[in-house]
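Common to both upcoming complexes is chain A, partnered first by chain B, then by chain C.
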Partner chain A sequence: MTLERRRWVWAYAFIAIPLLFFLSIRIGPTLFAFWVSLHQWDPIAIERPYVGFDNFAALSDDPVFWKALRNTWIYVLIGVPVSLVVSLVIALGLQRLTRYVGFYRVLYFAPYVTSLVAVGWVWRWMYMPNGIFNDVLGWTGLGPFNFLGTPDTAIYAIIATTIWQALGFQIIIFLAGLESVPPVYHEAAAIDGASGWQQFRDVTLPLLNPTLVFLVITGVISNLQVFTQVRAMSSQGTGGPLNSTISIVLYVYQQAFQALPSKMGYASAMTVVLFLMILVITVFQLKVLSRNNNDY
Partner chain B sequence: MTAHDRDTTPRASQRIDRRTILRYGAASAGLAAAARVAGPTAAQDATPAAPAASGFNTAALQVSGPVEIEYWQYELTAKTQLVNELIPEFQAANPGITVKHVNFPYDDFRQQVAAAVQAGEGPDVLNVYYGWIPAYVQQQFLVPLPEDVFPAATIEADYFPMVTAAKVGGSYYALPTAVRTLALFYNRDLLGAAGVQPPTNWEETVAVAKATARKNGDNFEVVGITWDIGGQGHNWWREALTRQNGLVPYSEDNRTLYWSNPEGVEAFNYLASFLTEHGVTQSGFQTDGPTAFAAGSAALHVDGSYRVGSLAIDAPDLNYGIVPLPAHKTQASFASFWANTITRNAAEGDKLIASQKFIDFLSSEAVQRRWTPRIGELPARQALAAEPELVNNEKLAPFIQSLPFSYATFLVNEADLRQAVIDAFDQVVLNGLDTESAIQEAQARVQTQLDEYWATFG
Partner chain C sequence: MTTSRVTRAERAVPIGGDVVRRPDALGAGTRARYATVGRRDTRRTLARWFLYAILLLGGLGMIFPFVWMIASSLKRAADIYSLSLIPPSPTLDNYREVLQRTEYVRWFTNSLVVAAITTVSVAFFDSLAGYTLAKFQFPGSFLIFIMILSTLMVPTEMLVIPWYMMSINLGWTDSYWGIMFPGVISAFGVFLMRQFFMGVPNDLIDAARLDGFSEFQIFWKIALPLVKPAVAALCIFTFLGNWNAYIWPLIVTRSEEMRTLPVGIAFFSSEAQSSFHLIMSAAALATVPVLVIFIIFQRQIIKGIVLTGLKG
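On to the complex of A and B.
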């Protein structure tokens, strides 16, 4: 065996183990979900008849699915941009700090390492009609508002919690991105007379592009898969009131694990739709958002 | 007999019986063979030979050799401890039978069962929520309790009426050890401060809620009554308020819903009026009803007997009392229970025999007598309800008094039925939809499920 060939064998041997794990734990179940989605699948039933694309056809007639789809996009389209802007602003501020840097970073990162269920419940208590938010509003003569109990506001109350929770992660990534911008560019821009805003727009932001692409993609995916906060915070954990907060993944959970008899096939059809949606969006984002980056 | 008697029309019974016979013919044959093996005396004189404590005929059944059955129930420390004590007693009385006791968290209940069944494993005897029985029967997951061993007439004579919720298409599929009912919890300090007595009827309930509700500006400090539709409120309306107002919410064969009848609408309006008209309660106050009551921030709260146990832990100093639900034209309450069923894993042979013996044992008077003080659930057998120890228990007595008029809803999709009722209340109190339309919407949704369910039974 030549040296090169031996190297080649070793490389594949090392790759094989994680690959095997990935295939059996990730790819396998995904493909299995495709298979399940073509059946009327009840784990307890003796027969699980093949129904073709009936589950997908039924989805298109299901108003709750459309509601969940619409809500999921609200989670994405409001949650992702707002959290990115807020975390970038905080990251820019933190970068300028010279004292107690570690303390502030820990402070902002703490929510991210806290259990989402615990976060959800604490916020639920703060949101309730006699909770702290309404106490504060009460001083100004407003309220009380039942934030989570009103269909018009419940989803935004949950989005606010999601943003707060995700900030820590995004700030850390932004800080890493900012550190990687060589100071010489800023110095050069300053010598050329660029204002602070111009420096930010023309130097910082373009160089942050890889960071932004990463955060947009992970943010979109995690918001498309939003589940825990809705389960923990919506009234009775069912995506209420009146399905105003229900997300696709929560609806999948309800149909697969709470409905009797279990509609595993129907739920799998939804996961297939979600999978395709995430796939298309991620490929699109990689192509479009990264293009700028190649110019530099 | 009430509308909750699960006897369907003769035609329906025949249909299900035929299916059942086809499905479990082998099981019945095995049973008969086993009875013959046990000897002529056992087979012929089975009825009088039944042991004093049980009332069923399992003493005549004998296993042909050593057999192990798996018993599954969800994790609740008090229950698992007691069953762990009971199993050795059962094994000593029934040589050759071993029971393996499996527990898992309540939240994973149906996932665990489904996963195990899909893998070809799972329980022989399963402790199941009564509301899941119809769906499990539809899925051919449960085996009916053989009529010759557990005669329906005996069950209905010995148990409280809600036990009929375990009967699908003429056959019993499960027997409970204990049951729960709803009653009205009241905060003694809050009622005392307002100078009012616990209410006994609808009007008094409104008066007490008004007298006790307390606000600071626009914020409630104390709600007169909890608004807890997703907790017990939906059960309160569905089985108690409607019936108290003279409605029988289901047809006798459990195929048709009558929620939108005027009595049902009126009962719905009565419950909604606490929030909309009288302004004595608030949605989301202290997050939920039980929390608000435990915190001493609610004067009245409708809840189940199991709440007594959790209040003892969460709010040991709470000064509260319990009375039966306030009545109207008549009295009614909601009942629910966990019951022991035999799964298709034990459809025949020694496993079926052992499973029947174990279910008979778990629902015997002797076990029920020990169950109530340890678990806080109420005896399912009528004979035990008059026992002084229970009647004199201040906290349990109101629930026990409610047993004869408590009804368990026939549920084909528990989660969605609950959601349908929650949505109806939300439509009215949040979206201002008129009550009749909201109830009709919910009724149509649940009626569709019932139609689909019964259609599978041919």
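On to the complex of A and C.
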């Protein structure tokens, strides 16, 4: 055996277990999910008839699915921009601090490390008609509002919690991005007489672009998969009231694991839709990132 | 940051210098200029104080839910709607009741076992796979890399149904292995470790080969120690993710004893019939241990999250 061949053997030995894992736990199940989506699939039934694209056709006639799809995009389109603006502003502030930096970071980052289930319940408690938010609003003569019990407000109440929880991560990534902007650029801009806002717009923001793209993509993908906070905070955890907060993943969970008879084929069809949306975003990300690389 | 300090120091030189001792000796124009600079500095200090204050206020807002959680958890059921942050008659009864009514210790242990084993497994296998893909050229290496990378695009939610069927058929439901198996190796980690191993010089590896190290020894004793910070970051990231994981443990566990902490807390909270003094105790029991660990290791944890976030 040549030296090179001997190295190949080592490489295959090293990669064997991970490869087996990815084939059997990731790639196989992905293909299987497509397969299930083409069947009427109840795990306890004997017959699991092939139905072609019937599940997808049924999805397009299902008002709850459309509601879930619409809500999911509300989570994305409101949650992502708001949290990015807020976290960028906070990061720009935190960046100027020279003392107690660790203390401040702990304050802003703490929500990110805690379980979303637990903090979801804490927020639910604060949102209650007799909870602290309404008590405080009561001083000004407003309310009480049933934040989570009203179809118009429930989804925004949940979005607020989602933003609060993800803020720390975005701030920290922004801070890292801001640190990588060479101070020389700011000095040069200051010498040229650029105001603070001009420096931010023409120097900081363009150089922050890769960070921004990264946070937009991760934010969009994680909001497309919103589940835990809706289950913890919506009434009875079902995406209510009146499906006003239901997300795609929650609907998938209900159809596959709570409905009787279980509709796993139907639920899989929904996950295929989710997959396609994430695929488009990922491809878009690769395009944007590679264009950035050409720029510099 | 440094730049602003430097410019201020430069400007301070004439002020702090000998000339200033007798300002009346200066010309009127110079004196006026120094006065403006001084005023500008006061304004800066004020702005700085304001910034500290505003950010402190925002930060306290960020942790207020935790403060309110603790406060509520220490109140008696009768006082639960009182607005005061300090419980009128503080009690630990709620915690006692939650500990008695639930399998808290068991759930905590389950989460710890699952998160710890998963983390060790990810750290080892992801490093090994990342190293192999970074430092070996072998038939199929590129294909394998692309294959692993492509799995990143598939959301977990798409896989839970197949995983569930798999677990039923293989008898994995309601077991530690059942909770852990989807996460024991992560594509993200392989990708991350590959990025870091690319930075390890090939000369070093070749030198070790000449010294008679086996390929595994080179990985274990030469390459791995060089990327320790990356491994630590991956460990923190993986542990946190698994500790807080919800949807898969919710699906795969059946019995109360096999629930992880988030799943157990979720079931308890929805069954507690709006007894928020109990629910807040349960929430505190789930979050406070993590918060304490986080406060102690905040520097390392934040650094780890940044490292995994930016390289991934």
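Everything below uses one rule, namely that the second predicted complex is superposed on the first by the 264 of 296 C-alpha atoms of A that agree within 3 Å, B and C clash if a C-alpha of one lies under 4 Å from a C-alpha of the other, contacts with A are read in each partner's own complex, and residues count from 1 in each chain.
As a working rule, a contact is a pair of C-beta atoms (placed from the backbone, for glycine too) under 8 Å apart; a residue touches a chain by one contact, two chains touch by 3 or more.
Since this is a predicted model, take the numbers as computed values, not measurements.
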Partner chain(s) touched by A:107 [first = chain B, second = chain C, both, neither]: second
First, second, both or neither for A:119, with chain B first and chain C second: second
Which of chain B and chain C A:206 touches, first, second, both or neither: neither
First, second, both or neither for A:228, with chain B first and chain C second: second
More chain A residues in contact [chain B versus chain C]: C
First, second, both or neither for A:27, with chain B first and chain C second: second
Which superposed partner A:17 touches (first chain B, second chain C, both, neither): second
First (chain B), second (chain C), both or neither touched by A:261: first
Doubly contacted chain A residues - partners chain C and chain B: 43, 125, 128, 130, 135, 236, 257
Chain A contact footprint on chain C (complex, rising order): 1-3, 48, 51-52, 54-56, 58-60, 62-63, 65-66, 68-69, 72, 81, 83, 125-126, 128-129, 131-133, 136, 138-139, 141, 144, 147-148, 151-166, 168, 181-182, 184-185, 187, 190, 215-216, 219, 240, 243-244, 246-247, 251, 261-263, 265-266, 269-270, 276, 279-280, 282-283, 286-287, 290-291, 294-295, 298-299, 301-302, 305-306, 309-310
Residue numbers on chain A that touch chain B, as the complex places them: 42-46, 124-125, 128-130, 134-135, 138, 143-144, 146, 148-151, 235-236, 238, 240-243, 254, 257-262
Complex interface listing, chain B residues touching chain A: 110-111, 113-115, 117-118, 132, 135-136, 138-141, 217-221, 230, 282-287, 412-416, 419, 422-423, 426-427, 430-431
Contact set on chain A toward chain C in their complex: 7-8, 10-12, 14-15, 17-19, 21-22, 25-30, 32-33, 36, 43, 90, 93-98, 100, 102, 104-119, 121-123, 125-126, 128, 130, 132, 135, 164, 167-169, 172-173, 176, 183, 186-187, 214, 218, 221, 224-225, 227-228, 231-232, 236-237, 249, 252-253, 256-257, 264, 267-268, 271-272, 274-275, 278-279, 282
